[in-house]
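Shown below is the structure under consideration.
Going in written order, the chains are labelled A, B and C, and every chain counts its residues from 1.
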Amino acid sequence: MRAFIFGAGGHAAAIASVLETDVTFVVSDDLAQPGQMLASDFFSRIDDFRKAAVYIGIGSNAARREIYDKLTRFDVRAANCISRHSFVARNAELGSAVAILPGSVVGARARIHDNVIVNTLSSVDHDCVLGSHSQVTAGVTFGGMVRTGENCFFGIKCGVVPNVVIGNNVAVMAGALVVRDLPDDVTAGGSPARIIKKAGTRARPDVINGGPFLV
Amino acid sequence: MRAFIFGAGGHAAAIASVLETDVTFVVSDDLAQPGQMLASDFFSRIDDFRKAAVYIGIGSNAARREIYDKLTRFDVRAANCISRHSFVARNAELGSAVAILPGSVVGARARIHDNVIVNTLSSVDHDCVLGSHSQVTAGVTFGGMVRTGENCFFGIKCGVVPNVVIGNNVAVMAGALVVRDLPDDVTAGGSPARIIKKAGTRARPDVINGGPFLV
Amino acid sequence: MRAFIFGAGGHAAAIASVLETDVTFVVSDDLAQPGQMLASDFFSRIDDFRKAAVYIGIGSNAARREIYDKLTRFDVRAANCISRHSFVARNAELGSAVAILPGSVVGARARIHDNVIVNTLSSVDHDCVLGSHSQVTAGVTFGGMVRTGENCFFGIKCGVVPNVVIGNNVAVMAGALVVRDLPDDVTAGGSPARIIKKAGTRARPDVINGGPFLV
């Protein structure tokens, strides 16, 4: 089956590495290289691709959500990308456009909402709930029963102890250890994590893989 | 083969998610829900279940040991729960009632004693020895040749560098990095880890998944 | 096919645990035990072993390089040891004498040069480049697009955020989080990592699994 991946950067390459099929990368500007397709061309011919698998290969939460929303408007439900080198419990629930990358673990009764990335060697343990449009980057550990809101970002090697509740638009810095609930719209860092500023992912549309971090 | 899991909380759900069979959860009080069994009923009919696989699905070290001891008195050897999504070296040695959960690694010549949990995405490297009734929670890294006593607890994302020797009843806080030997009955935290108080897991029967941690 | 592993310590045992064949350990001194072979005997009979697989099972970067160089002089290309419990992207490129141990992940378009160890449950994400004769120990996380020089050492549970460039002969301490480029010949530790001293792995030929670390 033909597969399309929105994006052509590092995360798109990661998605492609997990799929066992040839893919066409779909890019948003006129920098398309040979073998890539312009997003404008994709949407103008959308009815030709109704049977294709469509993945969103974009790391930035904001940009990933934009594509997700556009696909939804065109009545396209993006596919989940579940690595065979991951573990997803049978009774976990996944939305659409979810990426579970190599080495990661999604535990019993966990719920991963739409358009979430669980990146390399990260774990989301039993009974966790991850809100839509969030990214768990690489080497992240969630204890059991953690709940997060939408549009959160978890930097590399951060951790969240069990039972913590995290709001919407929260950015957790690389290496942080979250041991207490966090409200909406904050950035937290350190071990134990403290609120560094009253501005989470919403104020940082540029948040990408691994950042922000304390320097 | 019929399988029973003692416990009905998060760790029991994690055990169930790894088994590829239907299970009956065995609970200790009268809150048994449909499909669950009371422990008192289990033990009163124990001879009916001699051929069943029995697992201990309890995170708390103290409560898990209590069930282990009771099963031993009834001459029941609890089964090991080894995820197919883990790696256990052929020459590693496991006791009974051991849980090796998804994504975890047990290295060459390691010895895991009875009733130990090696939780999600944790590694116990070559030549390590883990004492009975201990729990390694999620995202924990042991270097090679680490040895621990009985009834230890390792919080999420902690690490132990190679060759360290740890006593009995030691609690290592989430996110700690242990770089020196630790005596019996202490709680250690921080990076590098220091002894926070002279009370380890024995003084904290309530230690559960992910805790204790610095706040 | 007959297999030889240079070394007989912990890392050699780790290599052996991944191979699904019987092995002969090759040791460098006269302490050879039954079933082991002296390196001097191996090289004096090298033409008998041209069809055998030869692995380098030595953790120390300096000692591992010495064997690598000697094998090269004898025109022996050491084999890669890739655990079936790892993930290596199809378009990643590996040199020779590379070890990818259980639970580890090598991402899309990553390049791992000769004689590198990626140890237990560590990840080297998309587009990373690891220089020859380096060791990534256990539980280490590299974000995407990190580049390192030769003869680097990454202690357990350290992390490197995306896009960082690291020089030659750099030692990163256990638990450190590298968020900025590092020049040649330094040792860095802490979170965020700072240069602890102007002496990297070159000044520390004794650096082994998990060390150095802050105490």
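Everything that follows uses one rule, which is that a residue touches a chain if its C-beta (ideal position, glycine included) is under 8 Å from a C-beta of that chain, and two chains touch if they have at least 3 such contacts.
Keep in mind that what you see is a predicted model, and the values were worked out from it rather than measured.
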Rounded to a multiple of 5 degrees, the Cα superposition angle from chain A to chain C is 120
Could you check if the interface between copies chain B and chain C is built from the same residues on both sides, meaning over half shared, or from different ones?
different
Separation of chain B from chain C, taking each centre as the mean of its C-alpha atoms, in whole Å:
31
Pull out every residue in chain C that's touching 2 or more other chains.
103, 121, 139, 157, 191
Chain B to chain A touching residues, read off their complex:
10-11, 13-14, 16-17, 83, 85, 102-103, 120-121, 137-139, 155-157, 174-175, 191, 208-211, 213-215
Within the complex, which stretch of chain B touches chain C?
87, 89-91, 103-105, 107-109, 121-123, 125-127, 139, 141-145, 157, 159, 161-163, 177, 179-180, 191-192
